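Chains: A, B and C, in written order; residue numbering restarts at 1 for each.
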Amino acid sequence: MTTMNRNLLIFGGLAAAYVAVGILQSWTLALSILNDGLIVAVVALGVNMQWGYAGLFNVGVAGFFALGGLAVVLVTKPFDPAAWQAGTPEILLALLLAAAVMFAAGRAWKVMESGLLRVVVTFGLLAVGFATFRMIFGPAVEAVEAVNPASAGNIGGMSLPVPVAWLFAGGLAAAAGWAVAKTALGLRSDYLAIATLGIGQIIITLMMNEEWLDRGVKNITNIDRWPVPHEVGLQQQGWFISLAEFLGQDVRTASTVFVGICFALVIGSILVVLLALLELMVRSPWGRMMRAIRDNEVAAEAMGKDVRSRHLQIFVLGSAIIGVAGALYVMRHGLMAPQSYNDPLRYTFLIWAMVILGGSGSNWGAVAGALIVILLWGEAESVGPSILALITAPLNDGPLKQHLVDSAVQMRLPIVGLMLLLVLRFSPEGLIRGR
Amino acid sequence: METLNALVAFLNYVVVPATSYGAQLALGALGVTLIYGILRFSNFAHGDTMAFGTATTILCTWWLQSNGVSFGPLPTALLALPFGIAITSAMVLATDRTVYRFHRKRKASPVILLIVSMGVMFVMNGLTRFIIGVQDRNFSDGDRFVINARQFTEMTGLSEGLALRTTSVITVGAAVIIVAALFWFLNRTRTGKSMRAFSDNEDLALLSGVSPDRVVTVTWLLVAALATTAGVLYGLDKSFSPFTYFQLLLPVFASAVVGGLGNPVGAIVGAFVISFSEVTFTYAWKKVLTYALPGSLLPDGLVQLLSTEYKYAVSFAILVLVLLFKPTGLLKGKSL
Amino acid sequence: MDAPFLIGENMIGGYGPVDILNKCTIAVNPGEIAVIVGPNGAGKSTAMKAVFGMLNIREGQVRLLGEDITKLSPQDRVAKGMGFVPQTNNIFGSMTVEENLEMGAYLRRDNIRDTIEQVYHLFPILKQKRRQAAGELSGGQRQQVAVGRALMTQPMVLMLDEPTAGVSPIVMDELFDRIIEIARTGISVLMVEQNARQALNIADKGYVLVQGGNRFTGTGAELLADPEVRKTFLGG
């Protein structure tokens, strides 16, 4: 069958599966899984861009994803004058100073001749910079964190609207991506994977511990989710109550379903726009050049293509996309919990499984992979225990049976792993072949 | 008097824990480096191999304990260790046979093998969680301390006590024995030399008549032994949970990379660099300084460079720095 | 003329769909030095590799002492008494000189001490540096390690692929001296060489290959004297 038919079949099957969940279980559940899937699909697009177009193995996905969430907090949360009084400007100043010192030290190392003087100057700069930084930073952080620690204790935000947050998320992640790429992109794939994994974890650790930034493990709640309405608000609107009655649904459920649909539309449109842009890029002369570089880097360089900067571009763009997904994620859940990103299995490796399953290099493949895996993931949680209870029914009741039923949720990870291994063995190009 | 106290505090809170942790990391890093050097890929499933090995050893320990077997002052887990290693060996050999061999025969690139190891990681992680659950497990028994703080202070009359836990002594002792045995094997036996040759120049080794299947099998056996032992020692010292062990992948890899991937001596050096850095950067030095400096020079605050939350971040930072400035590691490993 | 010790006869084949060798015949007699020379791309190394079994020939035969070994793998041919020194990557750089020799004798189960001493006798400098990592030696010394390694199985025929590639003229002379000594002990030598003139000087038999086929064959002296050979690529 032709590629087009095959793709239609895959996506048709997916749609049917999600609809089946809605009908057989609940629309709330189906929409919840779908929304998670759409967000993850955006992440997968970003990862696929870095891997499929440029062969860059970024295992620090969770870090960029988390930065997107951080951006939302920093942008949409109301401005906190008390924190500003206490020490926000000093904090910003200290950070700028740190960045400047590191830049200066880097320049000194590059520019000076190798030898003792260079070492002394560089480390001297770093030492003095670190000491000054601590002097300014320490007290300012303490002061800010002391402001209303139960409900705030952080620097607050900029009181800007949500679309700005999306842009800022992309920008923040892009900036981080630029820093990572500038320093690490010379590394070979294995090493790049390890380095990015490390950097991603450092970012998340920072977010988990720097309470002045985002309250650390105390989390930030009540995140603005424009343009999607809140369930509670809906339940009180006259037009909505009439609509619910007309459809024969109770208001509460109807409001959750409605909100779910709104989210799906918002996230879905962003996904569609991104997909369209990416597909255009792939077909453009720029895309052809990227494929040439990917397929034979040495030849491309010999022909004068600046491989290094192209890779940089791709890495930055891919990171930006991941950041936007991170913003959407935080808005969808109304919660920014740095600690939740600390599970690389869920946020990084799972995404990679999706990209490989779907087909590295193919945007549609990445989306399909994401939707399939998330469906499996969500269903394992909701339906898994029941299935396992059915399978273990003939066994006598007891700790073993209980253990087996309890571990149903745990099974979803190895199942994804098995799928990944099977795909790598029998169909390495994945579901949907890239160009 | 004060200097001695400072020294004892330094030993107790910095040197002993860092050495213990370093030995555990070293055993883990040796496994990673062997796989990289001989099988030529970065095995992201190594943390979960350690978890699997520890989990099976714990199950055997429980079985032994329920049958009234104990090891006196030493943890019963040490008796269960050989069984754990045997089961883990079977596991990794089966994995190689069913998964890695296919890609090896196809001369898959190291990146593909890395992705494959990610899949293995998922499966092994799930399997481990399945057989032992997700909660924290404490499975050490026997004497807790070789010498505890109070005994020490009574013996020496110092105010600061040096507590030597049994697990620390066992860890270092076991690590020394294992490393010595490993190096003897690699440098003095025919099979060991053939493995080094295979790692050095695969084509020439094959030409010389070295059997690749034999090399692969022995490598996995060594890896199973190293990973299981590292995991059991770490678990005896602290505690076991599948998630913690998965996270251990990161400092273990950091150790191997910092020392030079593919270089066994490097793995050990790297492990101690990482472990000592983690401890020194996150330790509150106030206590030691209180003994070492006169009151007027004492700084305010805990004199802690970074909070203990940043432990792993320290190893990554070192890892990233080494990768940027000296990618082949401190002791020059392979670059594939 | 007695039957050749080792012969690759009428070989046709290559690495893929394109044939590099076109009815090429290479042979060496006991205790002889046979040299394969020719312009670049002539298929010299390919012919050598075909005789050693590192590539499969479509047509033709390889025989050792009359026995057909065409289907044997390189490792099996080593067991039969052939030694091979590749052009590049021919030592274990991270292992000591002595360990390299030990690996050369990997297939042997008997006491290899005597053979090691013989190699040290042939290459005295290796005995001096026997505990040093082979990768730290100079280019010429590394070649000696490579040859010594191949000699450890006590082969009947030693095959060398451009042994003097990238070494200085003095080192090249020394290497050729050693090769003559090796041949004198009864080991047949089959050698591909870029430095045609010097190689033919020490050759009992020379094969000039052009485009994968035998162009000129004769003794080393004959070929050196032949004006056509001289004109084609010995530089007159």
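The rule is short, and it goes like this: contacts are C-beta pairs under 8 Å (C-beta built on N, C-alpha and C of every residue); 3 or more make two chains touch, one makes a residue touch a chain.
Quantities reported herein were computed from a predicted structural model and do not represent experimental measurements.
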{"item": "Most contacted chain pair (by C-beta pair count)", "value": "A-B"}
{"item": "Closest chain to global C-alpha mean, per-chain Cα centroids", "value": "B"}
{"item": "Approximate Å spacing (C-alpha centroids) for the pair chain A, chain B", "value": "31"}
{"item": "Inter-centroid spacing, chain C versus chain A (mean Cα positions, whole Å)", "value": "59"}
{"item": "Gap in Å, rounded to a whole number, between the CA centres of chain C and chain B", "value": "47"}
{"item": "Chain B residues counted as touching two or more neighbouring chains", "value": "none"}
{"item": "Chain C: positions in contact with at least two other chains", "value": "none"}
{"item": "Contact set on chain B toward chain C in their complex", "value": "190, 193-194, 196-197, 199-201, 203-210"}
{"item": "List of chain C residues in touch with chain B within their complex", "value": "74-75, 78-79, 84, 86, 89-95, 99, 102-104, 106-107, 149"}
{"item": "Chain B - residues contacting chain A, complex", "value": "41-42, 99, 102-103, 109-112, 114-116, 118-123, 125-127, 129-130, 133-134, 243, 246, 250, 253-254, 257, 307, 309-310, 312-313, 315-317, 319-320, 323-324, 327, 335-336"}
{"item": "Of chain A, residues touching chain B in the complex", "value": "57, 183-184, 187-191, 193-195, 197-199, 201-202, 205-206, 208-209, 343-345, 349, 352-353, 356, 403, 407, 410-411, 413-418, 420-421, 424-425, 428"}
